[in-house]
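One structure follows; several queries about it will come next.
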């Protein structure tokens, strides 16, 4: 059996992410109340609820439509920065998925790159700016490297998860240059960015879902 | 020398009261913040400041004008219940003083009774209602009894002071039936009334001023 | 600990705040002698004048409702303290006219004492004044004697209605009769969750436990009918409106004015929730909310809580309530 | 510990508060689809429409300024969260007209992201919309790049001025030019003393020591330019207005609009003191306070503090500012 993931796998990955992010609502809000307005937990819960709803309503037609449903659903939450950015991520991934029925590791890297590009069309934040990008960019990079090295999908996702976690952790040392935290300046140093944290949870969940598939 | 008090004595008595009440501003406000709106200290400080101003502006013409000036001055402060009631007390005393240049104990009793009557034209509160009346009525009664028993003025005032203090203390056991505290009902029991406390300070000061005169 | 307020010398609070108010709204207000706030453009002298009094510290409060179709002159006291009787008399004299003066007084010990002194002086001076006392607080029970019932936010819609009647050229007797009809058909209940700080001395007024609230509070958060655990907006609104409805004798088919007056720290967000829930209870009882007020009218520093007000309305009262007016904090086009 | 707020299910806050607002002011507002607040009587279709967006939790806030001579439609998000882009697009489409739509956006990350998405969709659909971004917070420095400067209370007078210009029948280009002129000549600084509580989860936003305050705060009390000891009203006002004056380049002989926007728990009493002190500093510099606003426009729950706003005014702006308008929380006769 070729090493690919189907729409059903993606559904399972997303369901794991929904649960993990829900569990972490208090953490995410607490982080946001230090450097922002205290609502990132609520925003992420709305986002994953929208994703869950889209999964339920998916017409099973294509991976593209699955990802589009999730992205549009997230785009349609009232979630401050979260809705547009997460919505863009999945809508970009949907576009990247094209007509594929399943994805091998290289295709997966392309899908994530398309998602990242769409996010970047909304945000100019780079690694080091203390945003979700500090988790997302290295994670996508890790999948690309793994694909180029012909690694398995689950290894690719494991390395994405660890890159995202490291990236999120590293935001503690950074000064925020985007979002509400920007105005806090130096005082953001020492605090982990909430958006980077939720993004790293996404990859953690994806990786866990994939290793669960194997066992 | 006959046992009388002159306008100068009254001035000295009032000056002592001004000082004593000023010193007790925090206590009076604290008591009022339990059963009222926390401003009785401020109201009494305004009242005694008005009295002090009247003393300074007194034209030395008569005891009546001295007391009238004090009463009108107090009446003209913005002091919630305090201004009208204390103003009435002194304006009533002024009327009671008539054309007398000095007062013996019997005349003093009459002056205080006239003051009390004027206060009672504004307020229907009686002993037991947990107001300044719980200090004022027994104090005036003590002066009357002392006068009827031919006591000295300073003894009369000493017994007024102790009657007022006892009356004020007794308010702790009462349920308020007048003023803002009325709505607190049973919950006022256990707390001394601020207005009774300030009134008892007046008689305490008067008595101290008179005994200072003697020594 | 420093007080958490932006103030200067606590002794100058009232003078400074009135100066700020009257310069910010100099097109509408004019400050004559220290604490008398008048309309910048006086009302025609052939119309009944509306005069009122009250302590400061409750901003926007009475003086912010001085203007066309509302109050003609507001006599302002010091923080939480009624203005003195002679000053109130001065205002009555200033507004005296053949058409007469309606003098609106809220039932609070100090206000009533000052008002009585002013009315005695007015009688001696032969002024043409009629006094009306608001006492719509039903915390002591709807049937409690009038002396027990404090005057709360009800004065504000009363100014509006009396002011509109006066502006329409009605006689003093007519204005008085209309105001009294409204006055006799209104009720208020207050609730608090967080206490206020006296801005003159930093003292906290009353006490409320962290998980409690109290219904039946006075204008300053003087304790009411006893504390209870914090309730939801819906339950709080229901508990309060269900006491107000019988207090004004409203029944199916009646029309009412429903007002929510924020105490200070309670947000407009919460007030809208409370309004919504109360209106729903009214609607379920077949009572129509014909007029509404939601906002901060009479506050008490940063207290958390609100007053819920209900009045029975007839067609004339509804029309007067909706008539044009123009004051700093209430304008109807 | 229970939150000291009158609420129901925190998930329903926005829906419930909008329902309360729109029923209380049903003569002025109408709620179309869940979170779009429109004028009850729509503006003539040959006039430019004003559209805006913002999160809830800042009541009275944007939707309370929907009305004649102000906003035509306000798209409301959830607590502290911008409404989503597709919803904003829906509003733009609903208001689309030959005369055009002025779309006013406050500079906050989420608002801008949603607005950009809506504008992309509007461009695709061929709608006639011009967007204007307010960013008058000078906390990061008056010369900081526009992206750094948050949009604070300045949007409210901007709605007033743009709304009046639209009502006067000016073209979209004219309305835009007027609004942009005002936008480029305004500045705000916020200060906080007491923090706000997020009403959805009870979390406290930020931290302020008992004896401290902080200037330069964001709309939610996100920390500003660093804490300092509590200052008097006069000193606070002076420190703030002295930064605002050079930020708008006001000099002797200029006319300004001075606005004090209360954050929630700060009383009108304090706001009047602050207004008075700031106006005095302006007067001493020979700058005339031609227009004033003192009140709660954009709050953030029960935060203690305020925003001080200053804008340079010319005769046209002054006239537009004073033109009639009619919304729940701002009416000019």
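Lettered A, B, C and D in written order, each chain numbered from 1.
Definition applied: a contact is a pair of C-beta atoms (placed from the backbone, for glycine too) under 8 Å apart; a residue touches a chain by one contact, two chains touch by 3 or more.
None of these values were measured; they are calculated from a predicted model.
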In whole angstrom, the CA-centroid distance of subunit B from subunit D equals 54
How many angstrom between the C-alpha centroids of subunit B and subunit A? 76
Here the gap between subunit C and subunit D, centre to centre from mean Cα coordinates and rounded to Å, is 29
By the touch rule stated above, which residues of subunit D touch at least two different other chains? none
Spell out, as numbers or ranges, the residues of subunit B touching 2 or more other chains. none
Between the chains shown, work out who touches whom and classify the graph as line, ring, star, complete or other. line
All chain pairs that touch each other: A-D, B-C, C-D
Hey, which residues of subunit B end up touching subunit C in the complex? 26, 29-30, 33, 35-39, 41-43, 46, 72, 75-85, 87, 122-123, 178-184, 187
Seen from subunit C, its contact residues with subunit D in the complex are 1-8, 13, 16-21, 23-25, 56-57, 59-61, 64, 193-194, 199, 210-211, 229-230, 232-234, 236-237, 264-276, 279, 289, 292, 294-296, 299, 301-302, 304, 306, 324, 326, 329, 331-333
Can you check the complex and tell me which residues of subunit C touch subunit B? 14, 35, 55, 77-87, 108-110, 113-114, 116-117, 137, 139-140, 148, 150, 198, 200-201, 203-206, 216, 218, 220, 222-224, 226
